[in-house]
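Okay, so subunit A shows up in both of these, paired with subunit B first and subunit C after.
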Partner chain A sequence: MTITEHAYLLAAIPAGMFLLLALLGRYLPRGGDYLGVLATGTSFGLMIAVVANYVQNRGGLGGAFQHGLEAQEFPAWTNSIEWSTVGDFVLRMGIYVDPITVLMLGVITTVALMVNIFSIGYMKGEPRYYWFFAVLQLFVASMLMLVLADNLLLLLISWELVGVCSFLLIGFYWEKRSATEAAKKAFITTRVGDVGLFIGVVLLGKAAGTFNIQDVIHAAQEGHIGSTYLFVSMMFLFLGAMGKSAQVPFHVWLPDAMEGPTPVSALIHAATMVVAGVYLTARMLPAFEVAGDMMLIITLVGLVTALLTGFIALAQTDIKKVLAYSTVGQLGFMFVALGSGAPEAAMFHLMTHAFFKALLFLGSGSVIHATHHHQEMDELGGLWKKMPITATTFLIGSLALAGVFPLAGFWSKDEILHSTLDWGGGWAFILLAFAAVLTAFYTTRLFVRTFLGKPKDQHIYEHTHESSFVMTGPLLFLCLLAIVSGFVVFQDVGKAIGFPGGITEFIFVEHPHVFHIDWALAGTSIAIGVIGIFSAGWMYWGGSTVRSTKLAEWQPGLYDMITNKFYFDEMYQYGIDRGLLGFSFIVSWFDRYVVNDTGVDGSAQITKYSGSVLKYAQTGKVPNYAMGVAIGVITLAVVGLAVRG
Partner chain B sequence: MDYDEAQGYVVLSTLCMPLLAALIILFIPGSKKMAIRYVSLIAATAMLGLSIYIFTAYQVAGAGIQMELQWPWVENVGFLGEDGITLHLGVDGISALLVLLNGIVSFAATIVSWKIDFRPKDFFILFWVLVGGVYGTFFSFDLFFWFFFYELAVVPLYLLIGVWGSTRKEYGAMKLTLMLVGGSVLIWIGIFAVFHEANIGTFSLPALYEAAENGAFSTNFQRTFFPFFVVGCGVLAALWPFHTWSPDGHMSAPTAVSMVHAGVLMKLGAFGIIRLGIQLLPEGAAFWMPGLMVLGVIGAVYGATAALTQRDFKLISGYSSVSHMGYVIMGLATMNDVGVTGAVLQMFSHGVMTALVFLLIGALYDQAHTRDLKDYGGIAKIMPAWVVFYTVAGLANVGLPGLSGFTAEFHIFVGTFHSYPLFGGLAIFAAALAAGYMLRMFSIVFFGPTNPRWADLKDLRPLEAMGAVTLLAAIVLMGVWWAPFTDRVAATVTHLPGVIGIA
Partner chain C sequence: MVPLENYLVLSAILFSLGVYGVLARRNAVLVLMSVELMLNAVSMNFIAFSAYLDPSRITGVIFAVFIITVAAAEVGLALAIVIRLFRNRATVNVDEAAILKW
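Right, the complex of A and B next:
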C-alpha cells in the first residue's frame, strides 16, 4: 500500500470540509476560513507525498499494470472498486495516477492553497464569507477528482461538478444582475459543450464496452472502433473540452465570468477548471491521434482562439478582462501544442501558465481590493509607488506571460513553438508567433497603464495602499514559481527533483522527448517578446493614449470589430432570442391552441354541441315518442327483410 | 407462520395503512382538526417506515416476486376458473423502488398539508384513499385488483383538485379526470381482451405471464392490443400528445396533491406500461417500441422547449414533467436492460425531485399568492433555505451528477444510444434546454435586487423543512450511491420478456 494508491484522499478531504463548512460554517468564528486553508493545505501536503512516492517508485516498482501496457519507466497506479451493475453493464469507479495526473495534482493543490490564503484577506467582510470557502472546497475536491478519475464516467461527473461550483462562485455577488447573468451564461455555454462530452463518453463507452480511459484508448489504438464512429465520438468529446476551456466559439462565457470574486478567477478561470479541456485532450491524445483529422481540428481551434482573443485583448480596458482574454488565448496555445502531437509542451505550458496567471489574477485582486473595487485601467495608473510588492510581482508575472527569458513562460512557450515546427506546420508557427507578439503587447499595455505613469484618478490613487501579508505572501510564492518553474525543463534540474530527462520526458512516456535548447528558436522567441513589449511600451509610455488613439483612427472598421469582440455575443443573443425562444413560443402556442384547444377542448365542444342538438329530440310529448318508436320499428323491419333477402 | 408469509403480511399492512387511516378519520368529527392531522402523521410515518423496510428487505439475489400473499376471492364461478380473482400481493424489484417512492412522497405531502384548514377531514380521507390506491397498484399481481386500485387512485383526484385547488381548478380537474378515465377505458378493454384470449379463466398476472410465454397470445393479437395499454397508461404518464392535462392539472392542484400526483401517480402510468404492456405482450412491445421512442423523444424536447418561456412556476414544472416523463418513455422503448432500468430510476428520481419542487412552490404561493416569475426577484435574501432546496431540486432536474437525475438519465441515454443512437442524440438537447429554463427561473426569482414587496415572506417552516429534507436525502442518495437502487431494479428488469442485455 502506498499513498499513491490512496490519492483519492486528496479529493476526499476538501469534500468533507465542504459539508462541514456548508452546514456549520456560519456558526464558526471567522466562517471557518482556517478550516478551508487546513483542508487544501492537507491536500497540498498529500500531493507532496504522492509526488515523492511517485518518483521513488518509478522504474516498475509496485506498478499495477492492469491493461497489459509494456513495462515503462513511469508506471501508473490504479485502484478501483465496482460501483454498480445492470446485467452485464458494470460501472467501476477508481483512480489512475500517471505523470499527467501527478502534474495536475501539483498545479491544483498549489494554486488552491495560495488562493485559499489570499481569500482570507480579499474576502474579509464580504457577506456569505463562510459560503465562499465552502464552495471553494467543493471545487477543489471536484477538480482533483477530475484529474484522478480512471474512467470517463467519473470524469464526466467531476466535470459537471466543477461547472456548478464555477456557476455558484461567478454568481457569488448575486444581488448584482450582471453577476447572475454571467453565471447563467457560463453554465449554459459550458453545458452545451458538456452535452457533447456526454454523447462522446456514451459513444466511446458503447464501442469499447467499458468507460475505463486506458481501455478506451487501447480499443481506439487497436482499431476496435470504426474510424468514422471514432471520429464522431472524439469530436463530441472535444466539444466538451472546447466548452470548458472556452475555445472559439465557446469563448464568450469566460470574460463575463470575471464578475466572480477575483480569487475565484485566479483559481477556476485561469489555473484549474478552464484547463480541464486541455487535460482531457492530453489524456485522450492517443485516441485523438487515430481519429481521422481530429489533430488538425484541435490545432485550428487553438490557433483561431489564440489569434482572435489576442486581438480582442488589445482593446479591453478592464484589468480582469484583459487577463481573461489572455487566458483564453494561452489555452489556445496549449491546444495548438496538443494538435501538433506535443502533449508534453501543452502540459508544461499548462503548469507555468497556471502559476503566472494565478499570480496575475491575484495581483489584480490585490489592486482591486486596494482601490476599493476599481478595475478599469482608465481610472488607475501610477500604482507602483503605492503598492511595490504587488507591482513587482505583477511585473514578473507579466514578463513571464510575455515570454521573457528566463522566466517560466519563456520555456514553455518556446516548447510550443518548437512543437509546431516539428509537426511541420510553418504557417502554424508564423501565426502562433504573431499571437505571441500580441500577448507581449497587451501584457505590457496592461502593466504600463496600471502601475506606471501618472494616476488618472487622484481620489482613487490617494486611498490606495499595499495589501496585507496574507495577500502579498501568496503573491510572492507564486512569483517565485513564475520565475523558477520553467527550469524543470532541464535534465539536470529534473534529475535533482526526481525525474531525469526533465519535465517533458516525465510527462509523456510513450514518445520520450528530451529538451535540448535550440538557439535559433530561442532567439526568435526572445525577439517576439522584445517586439511586443517595446511596441506597447512605446505606445503607452507615461500613460499617454495619444498614439493608441491614432492607431484606432487609422483603421476604424477593424478597431470597431475588436472593441465589439467580433460581435460574438450579439450573434448568439440574436440566435437565442429569434431562434430558440421564438421556437419555444411557437411550441407553447401550439400546445395551448392546437393540442389542447382542438384536441381536448375541441372534443369537449363537439360533445357539448351534439348534446345541445340532440336535446331537442327530448320533447316530453308522448305522440313524438310514439312516432319515433313507429319509425324505428318500420326501419328495423325493412332492414331485417332486406338482409334476409 | 414462516418468514416469507410474515413478509406478505408486512405488504398487506402497508396497503391497509392508508385505507385504515381514511377509515379512522371518517369517524373523527370534522371539527377536531388536530386529531385528524395527528392520525395522518402517524399513518404517514408508519408507511414511510414500512416502505423503507420493503425496499431494503427485497432480496436482490432472489429476483422475481417476493413477500407474496395470496387470498383467493372468487373462483370457479361462471367464466372464472381456478384462482379466478385473487388478492395476490407482493413486490418485485421495480415495484419495491416505487413503493419506497410512494412512502417518501406521501410522508412529505402529509406534513406539508398540516396547514390545510378548509375541511381537513374530507381532504385527508380522499388523500389516503388515493395513496392506498397507489400502493395497491404497485402491490397487486392480479389484473382485477390492479385495475381496481388504479381507479381508486385516479378518482379522488377530481375532488381533491376541484375543491382544494386554485387557478381554473374546475377546468383543470374536469380535463384531468376525463382524460384519465378515457385512458382507463382503453386499459379495461385491453384487460378483457387479454383475459379472453388467454382463456384460462384467471386474472392472476403470474399465470397470464406464463401463458404469454407459452404463446397464448398470437403476434397479431399482441400488436393490436399493446397500443391499448400504452395509450391507456400513457395518458397518466403524460405521454405526448396525451399530456395536456399535466400542465393545467398541476397548475390547479393543491400542494400535497401536486406532489403525490406528479411524484407518484404519473409513475403509475409508466409502471402500467411495464406490467401490462411489456410483461403481457412482449411481441407487441417489440413491434411498437420504435414508435414509442419517437413519442418519448418528442415529449422530452417538446416539454423542455415549452418550459423555456413559461412565466408560471407550476407551468414550468408541468412542462418539465412532460419532458422528464419523455425520458422515461424513451428508456422503456429501448427494450434493453440498461435503458429500462434507467426508466425506472427516472420514475423515482423525477418523483422525489418534482415533489420537492411542488412543496417549495406551495410554501411560496401560500404566502405570496402569485406564481408569476416576473413578480419576484432577490428571494435568496429573504428565504435562503427555500432557495437552497429549490436550487438542489432544480439542478437534479437539469441532470447534475451527484443528484438522482443524472443517475437515471445516464442509464437511459446509455440504453438509448445503444439501441437508437440518433434519437439519443436528438433527445439529449433537452438536457441543455433544461439548464436553460431552470437557470432562467433561478436568475429571475432567486437573484438580483430584492423586491421590497416580499420583505416579510417567511422562510420554510420546520414541518416544510422536514418534508424537504426527506425528499432531498432521497435525491442525494440516489445520485451518489446508486447501487442499492440499480441492483433491485435490474434484478427484475433483466428478466423481463423481450428485454435484451447490453455488454
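Right, the complex of A and C next:
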C-alpha cells in the first residue's frame, strides 16, 4: 500500500470541506476561509507525497526510457472498486495515476492553494464570503477527481461538476445582470460540447464494452472498433474537449466568464478547468492517433484558435479580457502540440502556463482590488510606483507568457514549436510562430499600458495602494514557479528531482523524447519574443496610443473586425434569433394547434358534443329505463346463446 | 317426484309476469309488486337448483333467505318514496315523476 494508491484522498478532503463550509460556513468566524486553505493545503501536502512516491518508484524501475519498456508496462498505479453490476457488465470506479495525472495533480493543488490564500485578501468584505470558499473546495475536489478518474463515466461526472462550479463562481455576483448572463453563457456554450462528450463516451463504451479509459484505448489501438465508428466517437469526444477548453468556435464563453471574481478566473479559467480539454485529449491521444484524421483536426482547431484569439487580444482594453483571450490562445498552442503527436510538449506548456497565467490573473486581481474595481487599461497606467511587488511579478509573468529566455514559457513554447517541426508541418510552424509574436505583442501592451507611463485617471491613481501580504505572497510564490518551472525540461534538473530524462521524457512514454537545445529554434523563439515585445513597446511607450490609433485608421476594416471579435457573438445571436427561435416557433405552433387544440382539447370537445346529443335519451321516465334494461338483458341472452351455439 | 323443468317453467312464467308488470303498469305500487314477483321467481330458481343439483348443501336456500330480507328492506324504502311522492304530487303515476333528467 502506498500513498499513490490512495490519491483519491486529495479529492476527498476538499469535498468534505465543501459540505462543512456550505452547511456551517456562515456560522463560522470569518466564513471558515482558514478551513478552505487548510483543505487545499492538505491536498497540496498529499500531492507532494504522491509525487515523491511516484517518482521514487518510477526511479526504482530505472525509468522506462532507458530500459525500453513497453508503454503498457509503464508504471501506472490503479485502485478501483466494483461500483455496480448489471447482468454480465461490471462497472468499476477508481483512480489511475500515471505521469500525466501526477503533473495535473501538482498543477491543480499548487494553484488552488495559492488562489485560496489570495482570496482571503481579495474577497474580504464581499457578501456570501463563506459560499465562495465552499464552492472553491467543491471545484478543487471535482477537478482532482477528473484527473484521477480511471474510467470515462467518472470523468464525465467530474467534468459536469467542474462545469457547475464554474457556473456558480462566474455568477457569484448574481446581483449583477452581466454576471448571471455570463454564467449562463458559459454553462450553455460548454454544454453544447458536453453533449458531444457524453455521446462520445457512450459510443466508445458501447463499442469497447467497458468504460475503463485504458481498455477503451487498447480496444481502439487493436482495431476492435470500426474506423468510421471510432472517428465519429472521437470527434464527439473532442467536441467536449473543445467546449471546455474554449476552442474556436466555442471560445466565446471564456472572455465573458471574467465577470466572476478574479481568483476564480485564475484558478478555473486559466490554470485548471479550461485545461481539462487538453488533459482529456492527452489522456485519449493514443485513440485519437488511430482515429482517421483526428490529429489533423486537433492541430487545425488549435492553430485557428491561437491565431484568432491572438488578434482579438490586440484590441481588448479590459485587463482580464486580454488575459482571457491569451488563455484561449495558449490552449490553442497546447492543442497544436497534441495534434502534432507531442503530448509531452502540451502537458509541459500546460504546467508552465498554469503557473504564469495564474500569476498574471492574480496580479490583475491585485490591481483590480487596489484600484477598487477599475480594470480598464484606459483608466490605469503608471501603477509601477504604487504597487512595486505586483508590478514586478506581473512583469515576470508577462515575460514568461511572451516566451522570453530563460523563463518558463520560453521552454514550453519552444517544445511546442519543435513538435510542429517534428510532425512535418512547416506551415503550422510559421502560423504558430506568428501567433507567438502576437502573444508577445499584446502581453507587452498590457503591461506597458497598465504599469508604465503616466496615470490616465489621477483620482484612481492616488487611491491605489500595494496589496497586503496575503495577496502578494501567492504572487511571489507563483512568480518563482514562473521562473524555474521551465527548467525541469533539462535532464540534469530532472535527474536531481527523480526523473532522469527531463519532464518531456517523464510524461510521454510511447515516443520518448528527450529535450535538447536546438539553437536555431531557440534563436527563432528569442527573435519571436523580441519582435513582439519591441514592436509593442515602440507603439505604446509611455502609455501613448497615438501610434496605435494611426495603425487602426490605416486599416479600419481589419480594426473593426478585431475590436468586434470577428463578430462571433453577433453570428451566434443571429443564428439563435433566426435559426433556433424560428425552429422554436414551428415547434410551439405544432404544440398549440396540433397537440393542444386537436389532441387535448379535441377529445374534450368530442365528449361535450356527444353528450349534448345523447342527453335526450335521458327521459326521466321509469318505464323507459325499465324497457332499456329489459331489452339489454334480452339482447345479452340472445347473443350469449348464439355465441355458445 | 316433480321434474326440475316444472319449477323452471313456473319460475319463468312468474318472472315474465313481473317484467310485464314493471314495463306496462303506471302505478308505482303495482310496479313494486311486479318487482317482488321477479325476485320471487329468482328465489324459486335458486331453491329448485339447490334441491335438484346438490341437495347436501343449502347454498340456494341461503340465497333465497337473503333475497327475502333484501326485498323486504327494498320495499320498505320504495314505499316510503312512494308516500313522499304522493304527499308532494297527489299521484303515484310513475310517468309524472319524470323531472330527473336533462
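Here are a few things to note about the model shown:
In the analysis below, the second predicted complex is superposed on the first by the 584 of 645 C-alpha atoms of A that agree within 3 Å, B and C clash if a C-alpha of one lies under 4 Å from a C-alpha of the other, contacts with A are read in each partner's own complex, and residues count from 1 in each chain.
Simple rule for what comes next: a residue touches a chain if its C-beta (ideal position, glycine included) is under 8 Å from a C-beta of that chain, and two chains touch if they have at least 3 such contacts.
Every value quoted in this text rests on a predicted model; they were computed, and no experiment measured them.
In the superposition on chain A, A:Glu175 makes contact with subunit B only, not with subunit C. In the superposition on chain A, A:Leu551 makes contact with neither subunit B nor subunit C. Of the two partner chains placed around the shared chain by superposition, subunit B is the only one that A:Ile199 touches, whereas subunit C remains out of contact. In the superposition on chain A, A:Leu38 makes contact with neither subunit B nor subunit C. The wider contact with subunit A, measured as residues touched, comes from B rather than the other of subunit B and subunit C. In the superposition on chain A, contact of A:Val484 is made with neither subunit B nor subunit C. Common to the subunit B-facing and subunit C-facing surfaces of subunit A is no residue whatsoever.
Considering their complex, residues 83-89, 153, 156-158, 160-161, 164, 171, 174-177, 179-181, 183-184, 187-188, 191-192, 195, 198-199, 202-203, 205-206, 209, 580-581, 583-585, 587-588, 591, 595-596, 599-600, 604 of subunit A touch subunit B.
Interface of subunit C with subunit A (complex): residues 19, 22-24, 26, 31, 94-95, 97-102. The part of subunit B that touches subunit A in the complex is made up of residues 175, 178-179, 241, 244-245, 247-248, 302, 305-310, 337-338, 341, 378, 380-381, 395, 400-402, 406, 410-411, 413-414, 417-418, 421, 424-425, 428-429, 431-432, 435-436, 439-440, 442-443, 446-450, 482-483, 486-487, 489-490, 493-494, 501-503. Residues 615-616, 618-623, 626-627, 630 of subunit A are the ones touching subunit C in the complex.
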